[in-house]
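So, here's a batch of structures to check.
Heads up, the next two complexes both have subunit A, just with different partners, subunit B and then subunit C.
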Partner chain A sequence: MDTKQLEFEKTVNVFINSIEKYFNKLTDTPIQTHPPFIKQPDDLVLKECTGMIGISGSKMGLVYISGGMELFRDLILQYVGLEKPTTSDMLDMAGELSNVVAGNVRESYGREFMISIPIVFQGSPDKLKFPKDVPIYVIPFDWDGHEAYMVIGLK
Partner chain B sequence: MISTRININKSQSQLFAKHSPQAMEDLSVKNYHSSFPSEEYLNRLFGQTYVINWPMSEVGGDGYWAYEDEEGFAFLIVYDCSGHGRFASMMTRYYANILTEAIKGQGLKMPSSILDFVHESAKNDWVNHQNNLNVGKSADMGVMVLDKSRKKIYFSGAGMDFVYIQKEEFNKIEGSKVQVGDRFDIEHSYSYAEIPLRKLKKTSCYMFSDGATDIFGGPRNKKLKLSGLIEAIVKCQKETTLKEEKAQMEKFFNHWSGSNEPLDDLLLIGLRF
Partner chain C sequence: MKLLIVDDSSMMRTTIESHLNNFGFEIVGHAGNGREALELVTAKRPDFVTLDITMPEMDGIECLEEIMKIAPDTKVMIITALSDKYTGLEALKKGAREFLYKPVTPEQLKEGFDSMISHH
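Then we have the complex of A and B:
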């Protein structure tokens, strides 16, 4: 395994630890992560609702977390207590999740690892383009019966 | 126009433009701002108005709600939900839904009854879940009602005041200190004040979140406080229209805070009837 690969796996693990920590803090139900795979150029690894963060500084790229509305609805129900969250609430939850996960990763890498504010979107917008020169890794995970993806493209 | 202060450095924004959804709107930011009435709508209800709404991050916990019913009662409610960011933003919609039910559903007119209804609704929702409250549920709230047929203003506040400035002299109708959605162990009872509209001629009125007075900065890097806010407004009022006053106040807040990162959401609404 080359150095770049080792470095990348280390980074992916930091993200996995971060998302596990966040779900453990918010809820009593831990997430289950599944083996990562590389996204093929034509794959659209997107669910209904996505929170995306741009990364610059010591690493360059993006990370996003994408899940169905029901995942975010149940997170709000369990953590906030709102019984009838609106679509806007669920989008806010997606933004919050991606922001905190990336923020926790920043703590591991220090100030040189810079994160943008999250962009939240629904579905598969036409304008979404992935960087071509970076392998995009997909980490599938389940939480409380909901399937979701954390997607990382870094160099 | 939406006024937001989003602190993002150049390299981050360039990277984001390159690597992620180019020119894509952040739906949560769009939804936050579009959930509040426009200045044009407020102008139709109240005359001249302006809104400065600066959440400390991309979205926030300050909000406002307005409506005019068929009997000529025009309502303006300003609220400041606990906390910041996206969870607080959720709470702005939670309180907006209760206000819709209170005013459009139940037909309540008096501001104190509206506050009572809001608090009781929050109490019903949260009192049995107090151990599970991970996110702040309370809010400061000011309710102003313009009764167009009787030409009167009614105001009631829960942790929020109503301020008006006449000939550089400042007056305040103090709200109760007790927020809505808080202290379920005590009885909440909100009272209201009324002012004839003729007393408010050539007068500017204001409702604002505590972010407008708690903003740090100035020569000694201290809180602006109410006195500082009033002084700034009075200075800005030398401009002739509220639109010009808005621009001056935005400039003032930016100048006052300088390089300080915002510590709270800031909402200021000015009105001239």
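Then we have the complex of A and C:
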């Protein structure tokens, strides 16, 4: 197995463990992850609601988690107990999910793995700025019948 | 007992308030960053503060240092996603009384507050 493949698997596993832990701890329904793949920055898939975290320090890049409004509505219902969240609440939840998944990765990468405050957006921005020459890993997952993506571009 | 809730996520602030409902706290405010938190600590003098670390304007560690200067008896519980051990130790050294890693369950919050209140 070459170095790139090993790095790919290590990074993907660290983030999958982090997001699995989040849903296992806060909800009754585990997530199901699907085989990750590499994609080009200009060719990325985004859902309605996205939370994004900038990474600096020992690694540089971006991590984002993108899902439909229904995923965040149901997550809020199960964790927060709010029955009729607003769009702003669902975007906030997307930001908080991204924050926790990226922040928990420090358990593996250490305190030099610095995370930004979350940036949230609805729909697709004009362009996502990933560092140049960075492999972008897409990890599709399902939770409670909702399809979503975790996207990692790190170097 | 007065409680201030500080987190840049409005959903986390709502969650923390909801999960601590049975403690009978008087919620003296919510703050979305460290600067707002300091204003509320100065004005309202809460007994307890839940404090996130990664926030805009002023992060939780800097805010904690300032709270300890303004009101050193305030019992601060850090609730953060930063799960490395160094961050927890740094916060405890700077005066935090409890430290919880996100994602945080209602049970963890209640246990953390039971522990802080028993030492109040």
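By our rule, the second predicted complex is superposed on the first by the 150 of 155 C-alpha atoms of A that agree within 3 Å, B and C clash if a C-alpha of one lies under 4 Å from a C-alpha of the other, contacts with A are read in each partner's own complex, and residues count from 1 in each chain.
Criterion: a residue touches a chain if its C-beta (ideal position, glycine included) is under 8 Å from a C-beta of that chain, and two chains touch if they have at least 3 such contacts.
Everything numeric in this text was worked out from a predicted model, so none of it was measured.
S.K.: When the two structures are laid over each other on subunit A, do subunit B and subunit C clash or fit?
M.R.: clash
S.K.: Looking at A:Phe121, would you say it contacts subunit B, subunit C, both, or neither? Reply first, second, both or neither.
M.R.: It touches subunit B, and subunit C stays clear.
S.K.: Is A:His34 touching the first partner subunit B, the second partner subunit C, both, or neither of them?
M.R.: neither
S.K.: State whether subunit B or subunit C is in contact with more residues of subunit A in the superposed arrangement.
M.R.: B
S.K.: Quick one: is A:Val80 in contact with subunit B, with subunit C, with both, or with neither? Answer first, second, both or neither.
M.R.: After superposition on chain A, A:Val80 lies in contact with both partners, subunit B and subunit C.
S.K.: Between subunit B (first) and subunit C (second), which, if any, makes contact with A:Gly103: first, second, both or neither?
M.R.: The second partner, subunit C, only.
S.K.: Give one of first, second, both or neither to describe whether A:Arg111 is in contact with subunit B, with subunit C, with both, or with none.
M.R.: second
S.K.: Tell me which partner A:Asp89 touches in the superposition: subunit B (first), subunit C (second), both or neither.
M.R.: A:Asp89 sits against subunit B and subunit C alike.
S.K.: After superposing on chain A, check 92-100, 218-226 or 236-244 and name the one in subunit B that bumps into subunit C.
M.R.: Stretch clashing with the third chain: 218-226.
S.K.: Quick check on my understanding: which residues of subunit A belong to both its subunit B contact set and its subunit C contact set?
M.R.: Touching subunit B in the first complex and subunit C in the second, residues 26, 76, 79-82, 85, 88-89, 92-93, 95-96, 99, 115-118 of subunit A appear in both lists.
S.K.: Residues of subunit A touching subunit C in their complex?
M.R.: Within the complex, subunit A contacts subunit C at residues 21-22, 25-26, 76, 79-82, 85, 88-89, 92-93, 95-96, 99-100, 102-107, 110-111, 115-118.
S.K.: Across the complex, what residues on subunit B touch subunit A?
M.R.: Listed in rising order, the residues are 6, 8-9, 11-13, 15-16, 18-29, 31-32, 35, 57-59, 85-87, 89-90, 93-94, 125-126, 129, 132-135, 137.
S.K.: Going by the contact rule set out above, which residues of subunit C touch subunit A in the complex?
M.R.: Its residues touching subunit A are 8-12, 14-15, 18, 54-56, 80-84, 86-87, 101-103, 105.
S.K.: Give the list of subunit A residues in touch with subunit B in this complex.
M.R.: The contact residues of subunit A facing subunit B are 26, 52, 54-57, 60-62, 76, 79-83, 85-89, 91-96, 99, 114-122, 125, 127-131, 153.
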